[in-house]
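Multiple structures follow.
In what comes next, chain A is part of two complexes: it sits with chain B in the first one and with chain C in the second one.
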Partner chain A sequence: MKLKKYLTLTRAGIIEALQFRLATVVMVIGNLLYLIVVYFLWKAIYASAGTDVVNGMTFSDTLVYLVLATALFNFMEMYTVWEIGRSIQSGKIILDLIKPIEYRKYLFWSYSGTFVTQFLFTFLPTFIVVAAVTHGAIHLGVNLLFFAAAVVMAVSINYSIDFLVGTVCLFTESIWGINIMKQVIVLLLSGATIPLAFFPEKLRSVVELLPFAAIYDVPLRFLLWDGISMEPQEPWCMLLFQLFWCLVMMILSKLFWKASLRQITVNGG
Partner chain B sequence: MKKKGLRFYAGIYFRILAQDLKSKMSYRADFIISTIGMIFTNISGFVSFWILFRSFPSVNGWSYHEMLFLYGFSLVSLTPVQCLFDNNWSLRQYVYSGDFIKYCFRPINLFFYYQSEVFDIKGLGQLAFGIGTIAYSWGKIGLAFTPLMLIKLIVFLMTASLIMIALQNAGAATCFWIQNSFYVLDLAFRFKDYAKYPITIFSPVFRFIFTFLIPIAFIAYYPSLVILRPDQVPLLSWLSPLVGIVFFWLSYKLWMYGATKYSGTGS
Partner chain C sequence: MAPIIEIRNVTKEFKVLERREGLWGSVRDLFSRNYKTVRAVDSVSMTIEQGEIVGYLGPNGAGKSTTIKMMTGVLEPTSGQILVGGNIPYKNRTKNAQEIGVVFGQRSQLWWALPLVESFKLLRDIYQIPEKNYQEMLALYQSLVDIEPLLHKPVRQMSLGQRTLSDILAAFLHDPKIVFLDEPTIGLDVSMKAKIRTLIHALNREKKTTVILTTHDMGDVDALCRRIVIIDKGKMLYDNDIDHLKSFFGSYRTLKIRVEGGLKAQAEKIQGELPEFPVTADDEWISILVDEDKAKVIDVLGKLQSSYEIRDMKLEEISSEDVIKKIYEEGVQ
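For the complex of A and B:
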């Protein structure tokens, strides 16, 4: 019956998300505009490059990568830092801490409803449209299994980073500043704004070892993988790399939370 | 009610500003972290720009340094909205909680009083980055530097900044009608990221949309042509100060109209 209590939180989240339909509409419009800008910008870049393949990626590869990065972002962004920060400021966190469930898990599962709605209403439609429009830039084969596994781990790593950064709010009382720093670093170094393949060689070799690359770059590379462009062992290495960071970040965020909790001072909300 | 003069408003503005700065200074850690966060945002913007364009001598007929100029121009023209109109972000909370009513009881312009309450110092970092970028690319392109050019630059920067202010005002004002206006405001805020690209990269349909419907092309592209390509300035560039003023006036009217509709929460 352990799973049941988690799924109840998921269900509550779905119902909550469905309440904000207008927000979803506005978000879709915003994303469409973003994608239009991205499309024309990269079109201009490829036109001025003069070749079809830049840094090993064709125009449609780049577009698929960036469009799905946006879709993944919508689906993975949980505003955990804000949630934790606000609970600390208002004092609500005390009520969450005395719940008979670990705070880290509680927060995750109460957000999981949004995962479901976002996955069904944003990610899946985007994926189908992109797959149909680009005819074959996304290979529909065993790489989709790798992609699915990679996304699960990406969600976990992303959440651990968020939770780690959110814990810092216990000490600083600054949410906006902490959150913007995290967001800027994650979006840039994970490839969500520019594919990592476009980074200069030296910078790239460093960035590819960081946990951020495991959030967007690895899943997206699986998606564009056509079965011949990689050595046979490479996909497994990428998964191992993700698993490594998944565990490290999970342990780190748990330990940091435990250590910080002893120091917590919250106004009597 | 008798109209009050500019001097009266300026006096009030600086008095409110001083109070705001004092209250910000009492949260020193937050202030420092937010400033670092803002610097991070700017650095990441430059890094992305550099990664994208470093290997291409020109994009769509725009050289690297011209693109950089455009980027710097957009940074400076987006500073006023960051510094002076940051309180728009809190509007929906004031309206939702009913606290907005306190602004309605002051014998001065409602819009002015509301916006003057917050001054966001973080934005000044962006201003510094922007001015530095303009100066650097100005030298690299080899543009002439005359007092007339400087005046043109300042006038066009100031009027260009009105566009983003107008978009933010309008976005914030939606909270008088709909509950969760954060998304609308956030949508408007994201437009600023698109202002730094030359409008010519878009297809005609989107060029039209980004010029007349969502006027982001007036944030940097059209006004900067006056400086960058002085020989062939299109009519729209000369019109851009007017466009800025008209859009600002419209957004002001919308904001005030929403505020008069406001009926409080009854508490």
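For the complex of A and C:
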């Protein structure tokens, strides 16, 4: 069976992730510290604004948005660029290339086990805490179904972007700068660091059309959607928008990889 | 039967950036770059039959790894043809992958944090090995080496020897037609080397797997290969039986003697008396490489005995290591 070929990688990823208990603990703590910083930063912003509602979002709206964005980030961040760069530098990539699986898929599924563990250990707890603390900020209804669909596509778009950037490492043979640049751009333009509602009107109208918005902003809007405030066709438009970028980025990253592979010269001939 | 690997006039060229020297040079490199074409493999041809073990030898940087990478499909040859099991490797990389197994001595394809058996299960699913074949293979492994204690040990806790052994087993797991072993015994102790050689030999015999072995260890070659291919600076120097090579150099023997007095000084004196044979000295022995076509060893010894007090002597057949060293240095005429 074909699927088994991939799911076995997921399974191994879960086992692998569970081997490192300390790493999980450290990550949860680091996550917590970041959230504290976010809390005080935005508290100060709202205090200096002098009003309760800034750009149509209250303090608790913003906070819920950013907390969930962080949780989503932890869940979706795949360190693909880092992984590709490192295996290029060490030459390990040869061993991956001579597996009877397409490299792009191999890498994705190798990482997919972490999705499961991250979902259970960081996203779900954060979600439950936020839902309980704010009672009512998160509507529990059909929006969760939309959210689930949106996350699946967000993961795919995020991976395609990562893979595209990772492929650049074939040419530069350096990782750090590229990775940081990618991270900053994605996090900023996707609304993970500052809600897109806070962007200047003109910039926002552009950014909302980019694939980055489809990664964090769309799923989060579904999550915070109360199930009534949107026009009936709007959720479907958002999903279509995601699907569009999902396909475009997938095709782009595949083509770029294919073209790049022809150029590959692996270290230590 | 058609040969399993066919290589015809394969050449691989790399473009290498030539950097200028110094600070000013580095600045100029930012704007204009000079590329130099390096020919890593230069019209190499060979055919390899199913079930052979071929030793692929050459000094560092000779182009061995490049050839292997071309056979695995990671690199595309600049010109020439490669057929591996009927496939063009770089065009059908995924299909080719099913037919080959690879071990690189310095890196591992195993999952670092997982017990070995998990890596095996992963490979079973990735290569889609039927359960029956998988179990048979494990049984075969168990009969060849005692893998039971290794199976449940995480790879990161293994010694280098255990890890290499596991990597070799992993490469053979999907019963590939060809296995490439790139310096499999590097850094291992003598007993582990012997164990790994026995294993490779047994797997080759049991499964009729073709093995391409690159190594710098002549022990590997002597123990495993009937045929060797030697490459240097991208060019093929030799492709034939190992015995043929030995017979080619067979008339050479090394006479080792120990005499009174400083060995270095005495060696120079002897060299003066025997100008036709190279004489070298180390801490223990003075070695004289005698060409028996020119003079019998016994005559040389007699000549030396008249003027030196020889305390000890021994005679060595030339080893393939010396032969290959000679080829590296002078080439086959």
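By definition in this document, the second predicted complex is superposed on the first by the 267 of 269 C-alpha atoms of A that agree within 3 Å, B and C clash if a C-alpha of one lies under 4 Å from a C-alpha of the other, contacts with A are read in each partner's own complex, and residues count from 1 in each chain.
Going forward, contacts are C-beta pairs under 8 Å (C-beta built on N, C-alpha and C of every residue); 3 or more make two chains touch, one makes a residue touch a chain.
All values derive from a computational prediction rather than experimental measurement.
Undergrad: So, does A:Gly91 touch the first partner chain B, the second partner chain C, both, or neither?
TA: Only chain C; A:Gly91 stays clear of chain B.
Undergrad: Of chain B and chain C, which one contacts the greater number of residues in chain A?
TA: The larger set of chain A residues in touch belongs to B.
Undergrad: In the superposed arrangement, does A:Ala49 touch chain B (first), chain C (second), both or neither?
TA: first
Undergrad: Looking at the overlay, does A:Leu9 come into contact with chain B only (first), chain C only (second), both, or neither?
TA: The answer is second: A:Leu9 touches chain C but not chain B.
Undergrad: Touching A:Arg262, do we find chain B (first), chain C (second), both, or neither?
TA: The answer is second: A:Arg262 touches chain C but not chain B.
Undergrad: Tell me the contact category for A:Ile29 with respect to chain B and chain C: first, second, both or neither.
TA: In the superposition, A:Ile29 touches chain B alone.
Undergrad: Across the two complexes, find the residues of chain A that touch chain B and also touch chain C.
TA: 20
Undergrad: Spell out the part of chain A that touches chain B in their complex, as residue ranges.
TA: 20, 22-23, 26-27, 29-30, 33-34, 36-37, 40-41, 43-45, 47-49, 172-174, 176-181, 184-185, 187-188, 193-194, 198-200
Undergrad: Okay, in this complex, where on chain A does chain C touch?
TA: 4-5, 7-9, 12, 15-16, 19-20, 90-92, 94-95, 97-102, 262, 264-266, 268-269
Undergrad: For chain B, which residues are in contact with chain A within the complex?
TA: Residue list for chain B touching chain A: 27, 29-30, 33-38, 40-41, 44, 47-48, 51-60, 178, 180, 182-184, 186-187, 190-191, 193-194, 197, 201-203, 206, 214.
Undergrad: Which residues of chain C touch chain A in their complex?
TA: Result: residues 14, 40, 63, 65-66, 69, 72-76, 93-98, 100, 102, 104, 107, 109, 111, 113-114, 118, 121-122, 125-128, 154 of chain C touch chain A.
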